[in-house]
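Here come two complexes built around chain A, the first alongside chain B, the second alongside chain C.
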Partner chain A sequence: MDQNNSLPPYAQGLASPQGAMTPGIPIFSPMMPYGTGLTPQPIQNTNSLSLLEEQQRQQQQQAQQQAQQQQQQQQQQQAVAAVQQSTSQQAAPGASGQTPQLFHSQTLTTAPLPGTTPLYPSPVTPMTPITPATPASESSGIVPQLQNIVSTVNLGCKLDLKTIALRARNAEYNPKRFAAVIMRIREPRTTALIFSSGKMVCTGAKSEEQSRLAARKYARVVQKLGFPAKFLDFKIQNMVGSCDVKFPIRLEGLVLTHQQFSSYEPELFPGLIYRMIKPRIVLLIFVSGKVVLTGAKVRAEIYEAFENIYPILKGFRKTT
Partner chain B sequence: MPGGGRCPDCGSTELVEDSHYSQSQLVCSDCGCVVTEGVLTTTFSDEGNLREVTYSRSTGENEQVSRSQQQGLRRVRDLCRVLQLPSTFEDTAVAYYQQAYRHPGIRAARLQKKEVLVGCCVLITCRQHNWPLTMGTICALLYADLDVFSGTYMQIVKLLGLDVPSLCLADLVKTYCSSFKLFQASPSVPAKYVEDKEKMLSRTLQLVELADETWLVTGRHPLPVITAATFLAWQSLQPSERLRCSLARFCKLANVDLPCPASSRLQELLAVLLRMAEQLAWLQVLRLDKRSVVKHIGDLLQHRHTLIRKAFRDGTAELEGGGKELQGQDLGPGRGKAEAASSSLDLPEGKRPASPALLLPPCMLKPPKRICPPPPISTVTGDEDISDSEIEQYLRTPQEMRDFQKAQAARQAATGVPNPT
Partner chain C sequence: KIKFFFPFSLDALPRVTCPNHPDAILVEDYRAGDMICPECGLVVGDRVIDVGSEWRTFSNDKATKDPSRVGDSQNPLLSDGDLSTMIGKGTGAASFDEFGNSKYQNRRTMSSSDRAMMNAFKEITTMADRINLPRNIVDRTNNLFKQVYEQKSLKGRANDAIASACLYIACRQEGVPRTFKEICAVSRISKKEIGRCFKLILKALETSVDLITTGDFMSRFCSNLCLPKQVQMAATHIARKAVELDLVPGRSPISVAAAAIYMASQASAEKRTQKEIGDIAGVADVTIRQSYRLIYPRAPDLFPTDFKFDTPVDKLPQL
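Moving on, here comes the complex of A and B:
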């Protein structure tokens, strides 16, 4: 590989160790004015206090949204009334006392924003009484596509891998290489690793339901081969999603401001590895704007992680 | 001489403490009678303080520095000396190695990993002091694989929770360029190829900055870009003699390895320079190509900021807004000889400079290798019925099984190896 055979011939001044960098204060300069309640805030969500708040909100999602909508309408009316009073006072001398239209027509809503699944509520910061007009949808409008689901299931009985390899068409078994049978089915297009203990790993599905259906098909094949296979403890272990933000990203800038989460080593890998804490997802961010998200147990984590990272990435868009 | 004690036999007061091995005794020095004696055995409560010590604790293996650790620490110091690093770097690297060694995962790791760990500690130390050391150098010195190195490096950074700053590009340029053997004439380097170090360094730095601005550096290994920039800088300082020299020959002359991607970086850099040249009126008429543009690199670098702004439109805005054609070039405040009026008058309609190219990383400019159709919306619930016929297609017929077994037996007989399955 590339070799730098040069040895620094001169001694540089001894700078203080750069390792003790101050933890990155997220330097986030929004492109568009963000409202107080509708935009996912970067990193600040990882604060332990908001963690609890977030969880509570997710649990009481529906009720809260409805209550908040009612609350907002009340507050809106209050704000409008207040403004009307103030403007009428101000406008008394000359104007005809027109109420400003802008507060009326804006409908502030915390309904699920377009592009996100209903499972996942937009992260809402505490509603403040004064809510000036904001554009309703600040979400990215991009939905990550699921690319791979890894799940495990216990077939509940010991298996004889030699028999399976002999009697199944779609199986390969090479005990010297790997101690499991590799089986494939066409619909849904997946691969399974079947171990002699009866445990099975199913990979390659594009959705949770497809993964479950595929695992059931594998169990059925094993059943037909003569084993008393059951379908116990089906669990999704990992989900991988990907999407494209469609603009180039300055990875060097991102690693500077988010040092405690990012790892960018161009000598090793062209992408930046971002380890988000809440939700616990690893993102691979590339200069072309493509983002790969992995490590999720549920779909909502992938969507949430992307909504968290999108404003951060937008901040690194401007080049010159 | 105990006070008040008398021997019961002879009545003398001369009693002495004379222990019999571990048993304490009080003996009369006249007649030898044992007056009192201590307890020979210890009670359980006494033994409470004399608990047994486990073997591993008695050997002190966790407190002492093991032999392999000592060897590792020696290698760290040796590596620092080979790289001619300041002495404080040595202490820091040694401290990191010791810190890493405290983790059981590292203590029990293979020797290969411990070897590579030496390099990782030195690299982290250098990065923290902004000393430009590439992983390639360390791997070459340790005769290690980059894959093994990268795995250990990522692990140790996570384990020790370190903040490792990025490689400093400017310092790397200075170090790497200085290693090119072109600054003095020698039997292999003719006089026309010798170059002044300072001039070459400054021009290379400017070219690398240009590459950085135009998205040629992000996400890529830095060294090939620097190699290409050095080559262009060297060529442009005396183009008449050096244009004939290729990149490979240049590296051979300079006694430096040619990294594989350097040629494609060179082409990318030349393409950027050509686009910039199109914005300079006196260069437009020359109809430059990738070879002739080298002669004008000096001019292009002098006005690079303006030229980049004019030659490229912001790729991101372009993608956002859906593209608007920038028709007239408004030539900015004249820093060069280009006169706004003269250029728009001189060039007829057909020869108007091309509309600016998008300033994007090369990977975004290339057409996608394959178009991935959006996946069809699947209505699978996961609980559907599974038809028997569908499963049966995956089962072998008895005939197939016999054939398979026959084939296996034949293979086994042919190779003479016992059947592994």
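Moving on, here comes the complex of A and C:
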């Protein structure tokens, strides 16, 4: 276990916690060690008393922060160790080594912004009924498959669409309908829109590498037709992935609890449209259990979004 | 600002009280424009504008317009305190000049600031009138439109589209949802555009609406098909049971309702074809067929126990 030897600066002035904690109602609970009621606790969102929801929320937060916050967890461990005992009781780090995840998940339920993770975790004893959301049990084992990548590239020179359309194979150009040449290649199976400004949009690839390769192939075609084509600013604009959670989902329940993110209108679209805030991904969730994720710029966002949504979907599994 | 005082109303304004009797409720005498303390008779406030009639009319015939009414009975809540009036068309012969044109042509609008809003209110009233919506839904729609209009977040969208979407939301909020197709039928806007505006308005006003259920539409569809109450109740029961037993996952509640009505009507004396039900519900008859196929296997379980079958369950049409 890697531990940072030097305590970060914030851990030293722990009498006054970071601004992420509101100096609100001190929580005096028989579960908490004596004296903790005096420290400001983050105001828990007690609107819903459902344990399942709380678990889901924590698991969601946990999964969100997990990958990035490994290092900070280590620092928190040290912070906990430094705080819980001033001088003695070095046994506590052993116990707290078990619980940082609990602290982590609990504090993070109230810290909306990942950048302002409160570093003074509430010293909740392990007796509190919060499921320790260990990462191993939460990974779904399902990996979303990428279905479509949309990318753009600048060929760097003005193009004459008419000559391209006339001389290139598999190119269509209908200026009255659309002001670009639509070209297709078979390997990788993609379609490109080539504009007269020299910019090009490449769609249909199944992976980032394939998208780049296809864009290069189109650029080569244009080059062979006599234009001084370059390959500038290749950027992936959108990635679409899909997967199957293998169980039916109660969309009505999901829209009730996640109202601010979900939109489910059976008259308009049979799936539930879930707009996740972090990462900024739109998910289409269907009754059959199929999930489509879109709006990602990098592959990791798709994976992260699915890991976030999977525990929530498990909570809304249809039982019959 | 002119405040309207109604006689004998409770004076809730804390600032005007009788100095000797602060607890006394002041009585407004609108004829003289005073506010009088009932305990001691002190005139507390004066110069209150009299909003009573300017003159009294005694004529029995109602043919002539009542000259004591000045201005339209517009609600100030919605139109920014509308006190404007317009010069009407001339009635006598003197109002026309030599060519027959009316002398006073200036019908320029006075409430230019909210012209679009008044237009939209008129459109909303027209739309609601076509499907016989009660006044409370129209008022709610007007309120929603005013909120959206003032927010200006959907400024680029056609006002008619926003109005149609507001009407849809108002019906939903009042607990009597109308389908998008029903709103389309009275509006010139496409279902796609109304759907888009609907989602945008929900986001802009930060509200949400309840999910539609099959029971919301039963009474309307069955009445339009002239089905008796027994059939309507049976159809409601069938649809509810079908959703509970999860026989129709992922189907729109409208389609399930239509299929339930079909099943109930086919089992009773008042049979309706799929096409008729599809026309009323706004559902394609193949869709009704699909949903019917899903509920058909469990038909005996879906009917209410006290239903009188004109056609027994096993003789129901199988499509």
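General observations
Assume the second predicted complex is superposed on the first by the 180 of 320 C-alpha atoms of A that agree within 3 Å, B and C clash if a C-alpha of one lies under 4 Å from a C-alpha of the other, contacts with A are read in each partner's own complex, and residues count from 1 in each chain.
As a working rule, a residue touches a chain if its C-beta (ideal position, glycine included) is under 8 Å from a C-beta of that chain, and two chains touch if they have at least 3 such contacts.
Because the structure is a prediction, the values reported are computed rather than measured.
In the superposition on chain A, A:213 makes contact with chain B only, not with chain C.
In the superposition on chain A, no contact is made by A:292 with either chain B or chain C.
When the shared chain is aligned, chain B and chain C each come close enough to touch A:252. Look at A:150: by the touch rule set out above, it reaches neither chain B nor chain C. Contact with neither chain B nor chain C is seen for A:284 once the two complexes are overlaid on the shared chain. Taking chain A as the reference, the larger set of touched residues comes from B, when chain B and chain C are compared.
Of the two partner chains placed by superposition, chain B and chain C are both touched by A:268.
Touch criterion met: A:169 reaches chain B, while chain C stays clear of it. In the superposition on chain A, the residues of chain A touched by chain B in one structure and by chain C in the other are 248, 252, 255-256, 259, 263-268, 270, 286-288, 318, 320.
Only residues 179-180, 195, 198-199, 202, 208, 211-212, 245-246, 249-254 of chain C touch chain A when the two sit together in their complex. Residue ranges of chain B in contact with chain A, taken from their complex: 82-84, 86, 88, 92, 124, 127-137, 139-140, 146, 150, 153-154, 157, 162-167, 171-172, 175-176, 178-179, 213, 215, 218-224, 256-257, 259-260, 308-309, 314-316, 319-320, 359-361, 363-364, 374-375, 378, 380-384, 386, 390-396, 400-401, 404-405, 420-421. Those residues of chain A that touch chain B in the complex are listed here as 1-9, 11-12, 14-15, 17-21, 145, 162, 165-170, 173-176, 183, 185, 187-188, 206-213, 216-217, 220-221, 224-225, 246-248, 250-252, 255-256, 259-260, 263-271, 286-289, 317-320. Put simply, chain A touches chain C in their complex at residues 248, 252, 255-256, 259, 263-268, 270, 286-288, 318, 320.
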